[in-house]
Amino acid sequence: MPLTSLAGETGATLVGRVVFRGTVPPPEVVTVTRDPKTCGETRTIQPLVVHPSTRGIQNAVVSIEGENTSPNTDTTKTTAITNTQCAFSPHVEAIRVGTPLEVRSHDPVLHNTHIMTGKRTFLNVALVPGGHPVAKVIKMPGLYHVQCDAHVFMQGSVVAFDHPYYAVTEAQGDFRIVGVPAGRHQVTVWHETLGALHHEVTVPAQGDVSITIEFP
Amino acid sequence: MAMRRRLMTLSATILAIGLAATTVLAVKPEGNRATRENGRVIYERSCLFCHGAEGKGDGPAGWFIGRYEAPHPRDFTSEGFKLRSTESGSLPTDQDLFRTVTRGIPGYMPSFAGLTETERWQVIAYVKSFNPAFQTETPAPLLLGGPAPLASPTSIETGRALYVRFECQACHGIDGRGDGPVSEAGDLKDASGLRIFATDLTRPLSFKNGSSPQDLVRTLMTGLDGTPMPSYAAQLTGKEDEAWYLAQYLLSLSSGSFP
Amino acid sequence: MSQRSITLGILMAVAATIASAFVHPEAQAIPPFARKYNVNCTACHTAPPILNPFGQRFLENGYQLPGTEDGGIIGKKKLGDVTLDDVTNFVGFRMVGNVTRSWSFKQQNPPGAAAGVVQNKTEFTFPDAFTMFTAGTLTKNVGFMVELGHDVEGGTTAVERGFVTFNNIGYHDLAHVRVGRYDPSAFYSYVTIRQQLNDVVESTTSGCTPFTPCGLNRAGLAPSAFAAKFYGLYQRDGTAISPFASSLFNSGGETGVDIHGRPFGDWFLYQVGVLNGANEGFGDSNKGKDIYAMLRFDYAKSNNFSANISGFVYRGYSNAKVQSQDDVNWNRYGLSARATYKMVDIYAAFAVDKIDKTPTAVAGLFDSTATGLTIGADTYVTNKTLISLRYDNLDAGGMLDQRKSATFVGLQVKQFLRTNIAIFARNDFNVRKSEGSDTAARNLRNAFFSGVDIVF
């Protein structure tokens, strides 16, 4: 599905795909010892999701080093992470600094959503069945690691930016970033197991730029 | 056995009263350069061996504290804090730090009540200078409910039901002995990736955050950052009584009988 | 290894495990200071009884937390309502039990056997050593320590150490004074009484008479750097001084006055002291006092690393006799160093002992210089398993016809069942050969120990 740029926006639109040419390591299968009714008897952990035909990588975070960093002024938007069937949905989330991050659970078991930046806790809250969701505004850009201590196989990530030029790749590896100012930019791709990759791109004043970024 | 337990609770209560007395505060010096400089001198005599010259928790005696397991001395430069009155993820207030230095941390850090109150404030000012976040963030204490209701068999029974509903037993075990399946499996890790175990709740004297009902309510509301122990604030805000009941139940685990 | 000693070893391990199972976690006892400050042993010890840098500063400050003068505050509220429970908070016990199996090259004339017959021995002692100690502070800047040792085999109880400290005289860390019977080497980089591999006393022939050499059936196993090192030295009353016993600056307890401090900041520690005199019966004031001085340099800042080096001079005055001759001055010059990094703790000590002048009667028969080198290392391989290694080389001095140098390597594995109960297995190997002669110090080929170490 080709992505179309939004008309009327200022700046150009950067579209592209992140692909993986190597061999995908086999997934890890873990036996669930807690709450198998909700979580299943076993879990298949595959952080590197590659689309079979496009070779696109899902859940990579693409961003452009922002020149005009700006805090978010629109505080009505909330980004949410939902605990569902003992997994974080979405598994990888990108967020603008200044936006509240909400964590909630749909499962009938206890989860604790434990989010860290480096060694510092951002949030560690218990989500009991039928309990309240919890929201907290993200104030610092960077990588946030999400885990549930009650179910060790539950892992996720949030990447926070102090500018609006970022996107998370979809199932086929596609992404789209709108309103990119003209000029040469450094595009950064981050994936939880593959790490970070940089790519130079020159953006015209108006129109689309299409790129393909390859791992490794 | 019951006799010994009663004695322990009694001494816990005495301890709590003793500590309450020490938190009457002297005039807190201004957080200026001179205060920090005085604090540095105290830090280098008293804290450096565990917390390290640069506050990274890597002092020459630090590794031996937990060895291959949690905890190692706090890394003031990058870690969060366990013992707070503030919401999960926030820095502690100055009062929180003062309480930690005064009481110490059972098992791991001795009480520095032997420093004068002024000296304690000075060393705190210095400790805060290790992390620039103390300049930009303004930690605010959570409101920890109204007056404590009296404990009764029913309140303790309600507390027990909450303990089960909140699935504390996942980590702490159904009898509170710290032997819940998640902890027993050895899966729990602290912020430095060191193995950590859920606290044995039948030993209140080992509680780092204190073991008075007020202390326990604070622990439940704030969680212990850097450990798996989560904040239950979202579940307990507006239901202060439930927090008290849960605390009363936790204390009943060690007293062996209803008070 | 004989079937019997294996069985005994297993029995001891089982006994320790059962004993530990009966200890309720609440009552999981930890010695006085840990109880007083409500912290684990690891706050002050790398591996008890060895201190980490924080524990060393606590000791230097007269049992007050470094940087504080908390002697009048902490733990004091408990004295208000003294109960038996509370008293036990301030007393500690240490108990070490052993099964020993020793293999000899040759046994000197074992009774009922022809000369030169090899005889191996198993000994079972429980408890081998039993000490009871209490220590604390009386008030701000005044501390005390009393340690009673009970020698189970000998059936005697004695005050091993007992002293009072006066701290922070003048200003903070300028001078701390100890008066009484103390361990002079307490602040040295390698402290005589803090060892992972406990001293094993040599076995002597019975019925030794004054001023005659006492025959050795089996060598002692103790750090060579601290040992007396000389053959043919006697106390002034004629009691033979064992070449393996610790003495002078490195004796476990001497009566005197000692001053230490860090007036030049954190880098240097000085120590000076006067002792009633090594090898001297109490009240025997017929001789001068012994004096010593120690200087220690410390580096301990960050990166989980610490290092220190220290040197001392010990001047003895008429502190021994060579055979039945005149009093001699027995001096010691020592150097030691230690470094710790994470789980590894390495230390070494070297000492040169000199007798200042050889009595003319034994001229040419007596070597007046002896040296000892000890190198040790401890490392935790898991949170509960400690491995210790020690190398000892004793270049003995003294009467040339008696003296025998010795080199031993010891290896010990200690498993902590609880923080205060450990079982251990240890073996010491003689690195030197028997040399064919019937010299007792060379008699021991190797010795195996297994036992339990309990502190509560």
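Order of writing sets the chain letters: A, B and C. Residues in each chain are counted from 1.
The definition used in the following text is that a contact is a pair of C-beta atoms (placed from the backbone, for glycine too) under 8 Å apart; a residue touches a chain by one contact, two chains touch by 3 or more.
Values in this document were obtained by computation on a predicted structure and should not be read as measured data.
Among the chains, the centre nearest to the mean of all shown protein C-alpha atoms is found for B. When chain centres are defined as mean Cα coordinates, C lies farthest from subunit B. Centre-to-centre, using mean CA coordinates, subunit A is 34 Å away from subunit B. Rounded to whole angstrom units, the spacing between the C-alpha centres of subunit A and subunit C is 61. Inter-chain spacing, taken between the CA centroids of subunit B and subunit C, is 39 Å.
In subunit B, no residue reaches two or more other chains under the touch definition. Put simply, subunit B touches subunit C in their complex at residues 1, 4-5, 7-8, 14, 18, 42, 44-46, 48-50, 52-54, 56, 58-69, 104, 106-115, 200, 202-203, 205. Touching subunit B in their complex are the following residues of subunit A: 33-34, 109-110, 112, 114-116, 118-128, 131-134, 136, 149-150, 152.
The touching residues of subunit C, when paired with subunit B in their complex, are 24-27, 37-40, 42-46, 52-55, 57, 64-70, 73-74, 77, 85, 172, 266, 300-306, 340, 342-343, 380, 382-383. Within the complex formed with subunit A, the residues of subunit B that make contact are 75, 78-80, 88-89, 165-167, 170-171, 181-182, 185, 187-189, 191-192, 223, 225-235.
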